[in-house]
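Chain nomenclature is as follows: A, B, C and D, assigned in order of appearance, with residue numbering initiated at 1 for each chain independently.
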Amino acid sequence: MVIDVLYFAWLRERIGHPRERIETEAVTVRDLVAQLAAMDDWHASALSDLKAVRVAVDQELTDLDAPLAGAREIAFFPPMTGG
Amino acid sequence: MVIDVLYFAWLRERIGHPRERIETEAVTVRDLVAQLAAMDDWHASALSDLKAVRVAVDQELTDLDAPLAGAREIAFFPPMTGG
Amino acid sequence: MPARLQAEAFDLATELQGFGSGAGAVVTFSGLVRGEDGRLTGLEIEHYPGMTEKALESYGLEAARRFHLSDWMIIHRHGRLEVGETIMMVATAARHRAAAFEGAEFLMDWLKSRAPFWKREITADGPGQWVEAKDTDEDALSRW
Amino acid sequence: MPARLQAEAFDLATELQGFGSGAGAVVTFSGLVRGEDGRLTGLEIEHYPGMTEKALESYGLEAARRFHLSDWMIIHRHGRLEVGETIMMVATAARHRAAAFEGAEFLMDWLKSRAPFWKREITADGPGQWVEAKDTDEDALSRW
(Lines give C-alpha, C1' and ligand atoms only; values in the text may rest on other atoms or scores of the structure.)
Protein backbone atom coordinates (compact mmCIF):
# COMPACT_ATOMS: atom_id res chain seq x y z
CA MET A 1 0.00 0.00 0.00
CA VAL A 2 1.00 3.64 -0.37
CA ILE A 3 0.92 6.00 2.63
CA ASP A 4 1.94 9.57 3.34
CA VAL A 5 4.51 9.87 6.13
CA LEU A 6 4.81 13.26 7.87
CA TYR A 7 7.51 14.59 10.20
CA PHE A 8 7.43 17.54 12.58
CA ALA A 9 9.85 19.66 14.62
CA TRP A 10 13.34 18.15 15.01
CA LEU A 11 12.31 14.89 13.32
CA ARG A 12 11.47 16.91 10.22
CA GLU A 13 14.81 18.70 10.42
CA ARG A 14 16.88 15.54 10.83
CA ILE A 15 15.13 13.75 8.00
CA GLY A 16 15.34 16.84 5.82
CA HIS A 17 11.78 17.05 4.53
CA PRO A 18 8.30 17.37 6.04
CA ARG A 19 6.56 14.57 4.16
CA GLU A 20 7.15 11.68 1.81
CA ARG A 21 5.06 9.03 0.08
CA ILE A 22 6.08 5.49 1.00
CA GLU A 23 5.21 2.12 -0.56
CA THR A 24 5.01 -0.35 2.30
CA GLU A 25 3.83 -3.80 3.39
CA ALA A 26 4.19 -2.87 7.09
CA VAL A 27 1.52 -4.34 9.36
CA THR A 28 2.16 -2.08 12.38
CA VAL A 29 3.70 1.33 12.96
CA ARG A 30 6.75 -0.45 14.37
CA ASP A 31 7.24 -2.32 11.09
CA LEU A 32 7.06 0.97 9.21
CA VAL A 33 9.65 2.54 11.54
CA ALA A 34 12.02 -0.33 10.79
CA GLN A 35 11.54 0.14 7.05
CA LEU A 36 12.09 3.93 7.28
CA ALA A 37 15.16 3.62 9.54
CA ALA A 38 16.75 1.30 6.95
CA MET A 39 16.36 3.86 4.15
CA ASP A 40 19.31 6.12 5.04
CA ASP A 41 21.33 7.63 7.88
CA TRP A 42 19.00 10.60 8.28
CA HIS A 43 15.96 8.43 8.87
CA ALA A 44 17.99 6.10 11.07
CA SER A 45 19.17 9.01 13.22
CA ALA A 46 15.74 10.62 13.54
CA LEU A 47 14.11 7.33 14.52
CA SER A 48 16.91 5.92 16.67
CA ASP A 49 15.41 6.77 20.07
CA LEU A 50 11.79 5.67 19.96
CA LYS A 51 11.13 6.87 23.51
CA ALA A 52 11.45 10.40 22.11
CA VAL A 53 9.09 9.75 19.19
CA ARG A 54 5.30 10.09 19.17
CA VAL A 55 3.08 8.81 16.38
CA ALA A 56 -0.31 9.62 14.92
CA VAL A 57 -2.20 7.41 12.47
CA ASP A 58 -4.69 9.36 10.39
CA GLN A 59 -4.34 12.27 12.81
CA GLU A 60 -5.10 10.26 15.93
CA LEU A 61 -2.41 9.74 18.56
CA THR A 62 -1.50 6.08 18.92
CA ASP A 63 1.48 3.83 19.67
CA LEU A 64 4.05 1.75 17.85
CA ASP A 65 1.94 -1.37 17.94
CA ALA A 66 -1.01 0.22 16.15
CA PRO A 67 -2.02 -1.57 12.93
CA LEU A 68 -1.60 0.27 9.64
CA ALA A 69 -4.40 -1.43 7.71
CA GLY A 70 -6.40 1.19 5.87
CA ALA A 71 -4.25 4.10 7.11
CA ARG A 72 -3.46 6.94 4.71
CA GLU A 73 -1.33 9.31 6.79
CA ILE A 74 1.26 8.47 9.47
CA ALA A 75 3.01 11.25 11.38
CA PHE A 76 6.12 11.07 13.57
CA PHE A 77 7.10 13.87 15.95
CA PRO A 78 8.70 14.65 19.32
CA PRO A 79 6.69 14.95 22.55
CA MET A 80 4.35 17.91 22.19
CA THR A 81 4.97 21.27 23.84
CA GLY A 82 1.85 23.35 23.24
CA GLY A 83 -0.09 25.59 25.58
CA MET B 1 -14.49 49.01 79.49
CA VAL B 2 -16.50 50.40 76.60
CA ILE B 3 -16.54 48.63 73.24
CA ASP B 4 -18.31 49.02 69.93
CA VAL B 5 -20.34 45.98 68.95
CA LEU B 6 -21.22 45.59 65.24
CA TYR B 7 -23.75 43.29 63.58
CA PHE B 8 -24.03 42.29 59.94
CA ALA B 9 -26.54 40.60 57.62
CA TRP B 10 -29.38 38.77 59.40
CA LEU B 11 -27.83 39.35 62.83
CA ARG B 12 -28.10 43.07 62.17
CA GLU B 13 -31.71 42.68 61.09
CA ARG B 14 -32.77 40.60 64.10
CA ILE B 15 -31.11 42.92 66.57
CA GLY B 16 -32.51 45.95 64.77
CA HIS B 17 -29.42 48.14 64.50
CA PRO B 18 -25.95 47.83 62.96
CA ARG B 19 -23.87 48.93 65.93
CA GLU B 20 -24.08 49.79 69.62
CA ARG B 21 -21.70 50.91 72.32
CA ILE B 22 -21.56 48.51 75.28
CA GLU B 23 -20.13 48.90 78.78
CA THR B 24 -18.78 45.50 79.75
CA GLU B 25 -16.54 43.60 82.15
CA ALA B 26 -16.49 40.53 79.85
CA VAL B 27 -13.17 38.67 79.74
CA THR B 28 -13.85 36.65 76.59
CA VAL B 29 -16.11 36.97 73.55
CA ARG B 30 -18.29 34.25 75.08
CA ASP B 31 -18.83 36.36 78.22
CA LEU B 32 -19.86 39.29 76.04
CA VAL B 33 -22.32 37.12 74.11
CA ALA B 34 -23.94 36.10 77.41
CA GLN B 35 -24.26 39.74 78.45
CA LEU B 36 -25.74 40.77 75.08
CA ALA B 37 -28.17 37.83 74.96
CA ALA B 38 -29.50 38.86 78.38
CA MET B 39 -30.31 42.40 77.18
CA ASP B 40 -33.57 41.66 75.34
CA ASP B 41 -35.39 39.14 73.16
CA TRP B 42 -33.92 40.51 69.93
CA HIS B 43 -30.34 39.99 71.09
CA ALA B 44 -31.28 36.62 72.60
CA SER B 45 -32.79 35.48 69.32
CA ALA B 46 -29.92 36.69 67.14
CA LEU B 47 -27.32 35.03 69.38
CA SER B 48 -29.22 31.85 70.22
CA ASP B 49 -27.45 29.53 67.77
CA LEU B 50 -23.76 30.20 68.17
CA LYS B 51 -22.84 27.65 65.50
CA ALA B 52 -24.33 30.11 63.01
CA VAL B 53 -22.41 33.09 64.38
CA ARG B 54 -18.91 34.23 63.42
CA VAL B 55 -16.94 36.83 65.35
CA ALA B 56 -14.19 39.34 64.65
CA VAL B 57 -12.24 41.22 67.31
CA ASP B 58 -10.74 44.45 66.01
CA GLN B 59 -11.42 43.27 62.46
CA GLU B 60 -9.62 39.94 62.80
CA LEU B 61 -11.61 36.68 62.65
CA THR B 62 -11.41 34.78 65.90
CA ASP B 63 -13.52 32.49 68.09
CA LEU B 64 -15.73 32.69 71.16
CA ASP B 65 -12.89 32.01 73.57
CA ALA B 66 -10.83 34.96 72.37
CA PRO B 67 -9.94 37.46 75.15
CA LEU B 68 -11.40 40.95 74.96
CA ALA B 69 -8.61 42.78 76.79
CA GLY B 70 -7.73 45.94 74.87
CA ALA B 71 -10.33 45.30 72.15
CA ARG B 72 -12.25 48.27 70.75
CA GLU B 73 -14.54 46.73 68.12
CA ILE B 74 -16.31 43.35 68.22
CA ALA B 75 -18.38 42.21 65.24
CA PHE B 76 -20.92 39.36 65.05
CA PHE B 77 -22.16 38.02 61.73
CA PRO B 78 -23.31 34.87 59.91
CA PRO B 79 -20.92 32.64 57.93
CA MET B 80 -19.57 34.66 55.03
CA THR B 81 -20.77 34.26 51.46
CA GLY B 82 -18.47 36.36 49.30
CA GLY B 83 -16.85 35.60 45.96
CA MET C 1 -3.60 48.62 45.05
CA PRO C 2 -3.97 45.05 43.86
CA ALA C 3 -6.94 44.51 46.25
CA ARG C 4 -9.93 46.76 45.63
CA LEU C 5 -13.46 47.05 46.98
CA GLN C 6 -16.01 49.10 45.07
CA ALA C 7 -19.70 49.56 44.35
CA GLU C 8 -19.14 50.42 40.67
CA ALA C 9 -18.94 47.91 37.84
CA PHE C 10 -15.49 47.20 36.38
CA ASP C 11 -14.20 45.98 33.06
CA LEU C 12 -12.06 42.84 33.03
CA ALA C 13 -10.11 43.91 29.95
CA THR C 14 -9.28 47.34 31.34
CA GLU C 15 -8.18 45.87 34.64
CA LEU C 16 -5.94 43.30 32.95
CA GLN C 17 -4.00 45.82 30.88
CA GLY C 18 -0.34 45.34 31.72
CA PHE C 19 -1.19 42.67 34.28
CA GLY C 20 1.34 39.87 34.68
CA SER C 21 3.91 41.40 32.37
CA GLY C 22 6.87 39.01 32.13
CA ALA C 23 4.91 36.01 33.44
CA GLY C 24 4.28 32.82 31.46
CA ALA C 25 0.82 32.09 32.84
CA VAL C 26 -2.14 34.28 33.78
CA VAL C 27 -5.35 32.91 35.34
CA THR C 28 -8.51 34.92 35.94
CA PHE C 29 -11.65 34.00 37.81
CA SER C 30 -14.87 36.01 37.51
CA GLY C 31 -17.96 35.47 39.61
CA LEU C 32 -21.29 36.48 38.02
CA VAL C 33 -24.80 36.96 39.40
CA ARG C 34 -26.96 33.99 38.34
CA GLY C 35 -30.65 34.44 37.70
CA GLU C 36 -31.58 31.00 39.06
CA ASP C 37 -34.02 30.39 36.22
CA GLY C 38 -35.68 33.77 36.55
CA ARG C 39 -36.27 33.52 40.29
CA LEU C 40 -33.85 36.40 41.03
CA THR C 41 -33.45 39.88 39.63
CA GLY C 42 -30.16 40.47 41.41
CA LEU C 43 -28.14 40.35 44.61
CA GLU C 44 -27.41 42.80 47.40
CA ILE C 45 -23.91 42.41 48.84
CA GLU C 46 -23.25 43.67 52.36
CA HIS C 47 -19.72 43.91 53.72
CA TYR C 48 -17.75 45.04 56.78
CA PRO C 49 -16.03 48.31 55.86
CA GLY C 50 -12.46 48.38 57.10
CA MET C 51 -12.16 44.66 57.74
CA THR C 52 -12.98 43.75 54.14
CA GLU C 53 -10.12 45.74 52.65
CA LYS C 54 -7.68 44.28 55.16
CA ALA C 55 -8.88 40.72 54.51
CA LEU C 56 -8.60 41.04 50.72
CA GLU C 57 -5.11 42.42 50.92
CA SER C 58 -3.90 39.87 53.45
CA TYR C 59 -5.22 36.90 51.42
CA GLY C 60 -3.65 38.36 48.28
CA LEU C 61 -0.26 38.76 49.93
CA GLU C 62 -0.50 35.26 51.38
CA ALA C 63 -1.31 33.79 47.94
CA ALA C 64 1.59 35.68 46.36
CA ARG C 65 3.96 34.35 49.00
CA ARG C 66 2.78 30.74 48.92
CA PHE C 67 2.61 30.36 45.14
CA HIS C 68 5.40 32.75 44.12
CA LEU C 69 2.99 34.87 42.09
CA SER C 70 4.65 37.61 40.07
CA ASP C 71 1.39 39.58 40.11
CA TRP C 72 -2.08 39.32 41.64
CA MET C 73 -5.29 41.33 41.72
CA ILE C 74 -8.61 41.14 43.56
CA ILE C 75 -11.62 43.31 42.81
CA HIS C 76 -14.85 42.73 44.76
CA ARG C 77 -18.03 44.74 44.46
CA HIS C 78 -20.63 45.51 47.12
CA GLY C 79 -24.16 46.91 47.03
CA ARG C 80 -26.87 46.11 44.50
CA LEU C 81 -26.01 43.99 41.44
CA GLU C 82 -28.24 42.84 38.59
CA VAL C 83 -28.35 39.32 37.15
CA GLY C 84 -25.43 38.80 34.75
CA GLU C 85 -23.22 41.42 36.37
CA THR C 86 -19.70 40.55 37.51
CA ILE C 87 -19.51 40.37 41.31
CA MET C 88 -15.78 40.01 41.65
CA MET C 89 -12.61 38.85 39.97
CA VAL C 90 -9.21 37.55 40.93
CA ALA C 91 -6.21 37.37 38.62
CA THR C 92 -2.89 35.64 39.23
CA ALA C 93 0.34 35.62 37.23
CA ALA C 94 3.22 33.19 37.62
CA ARG C 95 6.04 31.60 35.69
CA HIS C 96 4.13 28.35 35.15
CA ARG C 97 0.49 27.37 35.00
CA ALA C 98 0.25 25.23 38.15
CA ALA C 99 1.13 28.16 40.43
CA ALA C 100 -1.21 30.56 38.63
CA PHE C 101 -4.12 28.10 38.91
CA GLU C 102 -3.39 27.22 42.54
CA GLY C 103 -3.02 30.87 43.53
CA ALA C 104 -6.40 31.73 41.98
CA GLU C 105 -8.15 28.76 43.60
CA PHE C 106 -6.59 29.51 46.98
CA LEU C 107 -7.79 33.11 46.75
CA MET C 108 -11.29 32.06 45.76
CA ASP C 109 -11.58 29.51 48.58
CA TRP C 110 -10.50 32.14 51.11
CA LEU C 111 -12.67 34.90 49.71
CA LYS C 112 -15.76 32.68 49.67
CA SER C 113 -15.60 31.75 53.36
CA ARG C 114 -13.32 34.22 55.10
CA ALA C 115 -13.82 37.66 53.56
CA PRO C 116 -16.64 39.56 55.31
CA PHE C 117 -19.26 39.66 52.56
CA TRP C 118 -22.89 38.54 52.81
CA LYS C 119 -25.15 38.07 49.81
CA ARG C 120 -28.89 38.56 49.85
CA GLU C 121 -31.21 37.54 47.04
CA ILE C 122 -33.31 40.19 45.31
CA THR C 123 -36.53 39.07 43.63
CA ALA C 124 -39.25 40.97 41.78
CA ASP C 125 -40.88 41.44 45.23
CA GLY C 126 -37.79 43.11 46.69
CA PRO C 127 -35.10 41.90 49.11
CA GLY C 128 -35.44 38.19 49.88
CA GLN C 129 -33.39 35.55 51.68
CA TRP C 130 -29.78 35.79 52.75
CA VAL C 131 -27.66 33.32 50.80
CA GLU C 132 -26.60 30.47 53.08
CA ALA C 133 -22.96 29.47 53.34
CA LYS C 134 -22.25 26.05 51.86
CA ASP C 135 -20.44 23.31 53.74
CA THR C 136 -18.53 22.58 50.54
CA ASP C 137 -17.07 26.09 50.64
CA GLU C 138 -15.92 25.58 54.22
CA ASP C 139 -14.50 22.18 53.30
CA ALA C 140 -12.62 23.68 50.35
CA LEU C 141 -10.39 25.58 52.76
CA SER C 142 -9.04 22.42 54.32
CA ARG C 143 -6.96 21.58 51.26
CA TRP C 144 -4.61 24.56 51.69
CA MET D 1 -16.23 27.67 16.64
CA PRO D 2 -15.13 27.51 20.27
CA ALA D 3 -11.76 25.97 19.22
CA ARG D 4 -9.64 28.13 16.97
CA LEU D 5 -6.13 27.98 15.55
CA GLN D 6 -4.61 31.12 14.06
CA ALA D 7 -1.35 32.92 13.33
CA GLU D 8 -2.77 36.35 14.22
CA ALA D 9 -2.78 37.92 17.67
CA PHE D 10 -6.12 38.02 19.49
CA ASP D 11 -7.59 40.19 22.20
CA LEU D 12 -8.79 38.50 25.39
CA ALA D 13 -11.47 41.11 26.05
CA THR D 14 -12.92 40.91 22.55
CA GLU D 15 -12.98 37.13 22.68
CA LEU D 16 -14.72 37.10 26.06
CA GLN D 17 -17.60 39.35 25.00
CA GLY D 18 -20.79 37.44 25.71
CA PHE D 19 -18.82 34.42 26.89
CA GLY D 20 -20.43 32.36 29.66
CA SER D 21 -23.66 34.29 29.72
CA GLY D 22 -25.88 32.85 32.46
CA ALA D 23 -23.00 31.10 34.24
CA GLY D 24 -21.90 31.88 37.80
CA ALA D 25 -18.17 31.29 37.27
CA VAL D 26 -15.79 32.05 34.41
CA VAL D 27 -12.12 31.00 34.43
CA THR D 28 -9.55 32.04 31.84
CA PHE D 29 -5.98 30.89 31.33
CA SER D 30 -3.53 32.75 29.10
CA GLY D 31 -0.08 31.50 28.16
CA LEU D 32 2.51 34.18 27.36
CA VAL D 33 5.96 34.07 25.75
CA ARG D 34 8.61 34.49 28.48
CA GLY D 35 11.87 36.22 27.70
CA GLU D 36 13.89 33.99 30.05
CA ASP D 37 15.87 36.95 31.38
CA GLY D 38 16.60 38.36 27.95
CA ARG D 39 17.89 35.09 26.48
CA LEU D 40 14.97 34.83 24.03
CA THR D 41 13.42 37.26 21.58
CA GLY D 42 10.46 35.01 20.86
CA LEU D 43 9.13 31.58 19.98
CA GLU D 44 8.27 29.80 16.75
CA ILE D 45 5.33 27.44 17.10
CA GLU D 46 4.98 24.58 14.62
CA HIS D 47 1.81 22.51 14.46
CA TYR D 48 0.18 19.69 12.53
CA PRO D 49 -2.48 21.24 10.28
CA GLY D 50 -5.63 19.18 10.30
CA MET D 51 -4.85 17.18 13.40
CA THR D 52 -4.45 20.28 15.59
CA GLU D 53 -7.96 21.57 14.92
CA LYS D 54 -9.45 18.13 15.58
CA ALA D 55 -7.47 17.74 18.83
CA LEU D 56 -8.49 21.16 20.18
CA GLU D 57 -12.13 20.54 19.46
CA SER D 58 -12.16 17.04 20.88
CA TYR D 59 -10.47 18.10 24.16
CA GLY D 60 -12.90 21.02 24.44
CA LEU D 61 -15.93 18.79 23.97
CA GLU D 62 -14.53 16.28 26.46
CA ALA D 63 -13.98 19.03 29.06
CA ALA D 64 -17.52 20.36 28.53
CA ARG D 65 -18.95 16.88 29.02
CA ARG D 66 -16.88 15.94 32.08
CA PHE D 67 -17.27 19.21 33.96
CA HIS D 68 -20.72 20.28 32.75
CA LEU D 69 -19.36 23.48 31.29
CA SER D 70 -22.01 25.85 29.98
CA ASP D 71 -19.44 27.41 27.63
CA TRP D 72 -15.81 26.88 26.62
CA MET D 73 -13.28 28.40 24.24
CA ILE D 74 -9.76 27.56 23.07
CA ILE D 75 -7.61 29.83 20.93
CA HIS D 76 -4.06 28.75 20.07
CA ARG D 77 -1.63 30.61 17.85
CA HIS D 78 1.10 29.22 15.61
CA GLY D 79 4.06 30.75 13.79
CA ARG D 80 6.37 33.44 15.11
CA LEU D 81 5.60 35.16 18.43
CA GLU D 82 7.50 37.86 20.27
CA VAL D 83 8.29 37.89 24.00
CA GLY D 84 5.23 39.06 25.96
CA GLU D 85 2.73 38.00 23.31
CA THR D 86 -0.16 35.71 24.22
CA ILE D 87 0.38 32.21 22.82
CA MET D 88 -3.01 30.77 23.66
CA MET D 89 -5.99 30.99 25.92
CA VAL D 90 -8.71 28.76 27.28
CA ALA D 91 -11.90 29.95 28.92
CA THR D 92 -14.49 27.89 30.78
CA ALA D 93 -17.89 28.81 32.19
CA ALA D 94 -19.91 26.81 34.70
CA ARG D 95 -22.49 27.18 37.42
CA HIS D 96 -19.92 26.98 40.21
CA ARG D 97 -16.22 27.72 40.52
CA ALA D 98 -14.89 24.19 41.05
CA ALA D 99 -16.11 23.00 37.64
CA ALA D 100 -14.84 26.11 35.85
CA PHE D 101 -11.37 25.72 37.43
CA GLU D 102 -11.21 21.97 36.81
CA GLY D 103 -12.35 22.35 33.21
CA ALA D 104 -9.65 24.93 32.50
CA GLU D 105 -6.92 22.87 34.17
CA PHE D 106 -8.00 19.72 32.35
CA LEU D 107 -7.86 21.56 29.04
CA MET D 108 -4.43 23.00 29.77
CA ASP D 109 -3.00 19.63 30.82
CA TRP D 110 -4.27 18.05 27.60
CA LEU D 111 -3.19 20.89 25.34
CA LYS D 112 0.32 20.93 26.81
CA SER D 113 1.06 17.28 26.14
CA ARG D 114 -1.45 16.02 23.61
CA ALA D 115 -2.15 18.78 21.10
CA PRO D 116 0.34 18.67 18.19
CA PHE D 117 2.31 21.86 18.80
CA TRP D 118 6.07 22.21 19.07
CA LYS D 119 7.83 25.31 20.36
CA ARG D 120 11.24 26.46 19.26
CA GLU D 121 13.22 29.21 20.94
CA ILE D 122 14.21 32.28 18.95
CA THR D 123 17.26 34.23 20.11
CA ALA D 124 19.02 37.28 18.72
CA ASP D 125 21.04 34.82 16.56
CA GLY D 126 17.90 33.32 15.00
CA PRO D 127 16.10 30.00 15.53
CA GLY D 128 17.54 28.05 18.46
CA GLN D 129 16.62 24.93 20.41
CA TRP D 130 13.33 23.09 20.37
CA VAL D 131 11.64 23.36 23.76
CA GLU D 132 11.78 19.99 25.53
CA ALA D 133 8.63 18.41 26.91
CA LYS D 134 8.59 18.27 30.70
CA ASP D 135 7.94 15.08 32.66
CA THR D 136 5.76 17.16 34.97
CA ASP D 137 3.46 17.99 32.04
CA GLU D 138 3.13 14.31 31.19
CA ASP D 139 2.52 13.49 34.86
CA ALA D 140 -0.18 16.17 35.09
CA LEU D 141 -2.36 14.12 32.76
CA SER D 142 -2.53 11.20 35.13
CA ARG D 143 -4.80 13.05 37.55
CA TRP D 144 -7.76 13.14 35.13
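Assume contacts are C-beta pairs under 8 Å (C-beta built on N, C-alpha and C of every residue); 3 or more make two chains touch, one makes a residue touch a chain.
It should be emphasised that the depicted structure is a prediction, and the values quoted were computed from it without experimental measurement.
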| item | value |
| --- | --- |
| Centroid-based (C-alpha) most distant chain relative to chain C | A |
| Where chain C and chain D are represented by their mean Cα positions, the distance between them in whole Å | 24 |
| Cα-centroid distance, chain A relative to chain C, in whole angstrom | 48 |
| Numbers and ranges of chain B residues touching at least 2 other chains | 83 |
| Where chain D touches two or more other chains, by residue | 31, 97, 108, 112 |
| Arrangement of touching chains [line / ring / star / complete / other] | line |
| Interchain contacts, given as pairs of chains that touch | A-D, B-C, C-D |
| Chain D - residues contacting chain C, complex | 11-13, 16, 20-35, 84, 95, 97-98, 100-101, 104-105, 108, 112, 140 |
| Chain D residues within the chain A interface of the complex | 31, 45-48, 50-51, 54, 76, 87-88, 108, 111-120, 130-133, 138 |
| Contact footprint of chain C on chain B as seen in their complex | 6, 8-10, 56, 59-61, 75, 77-83 |
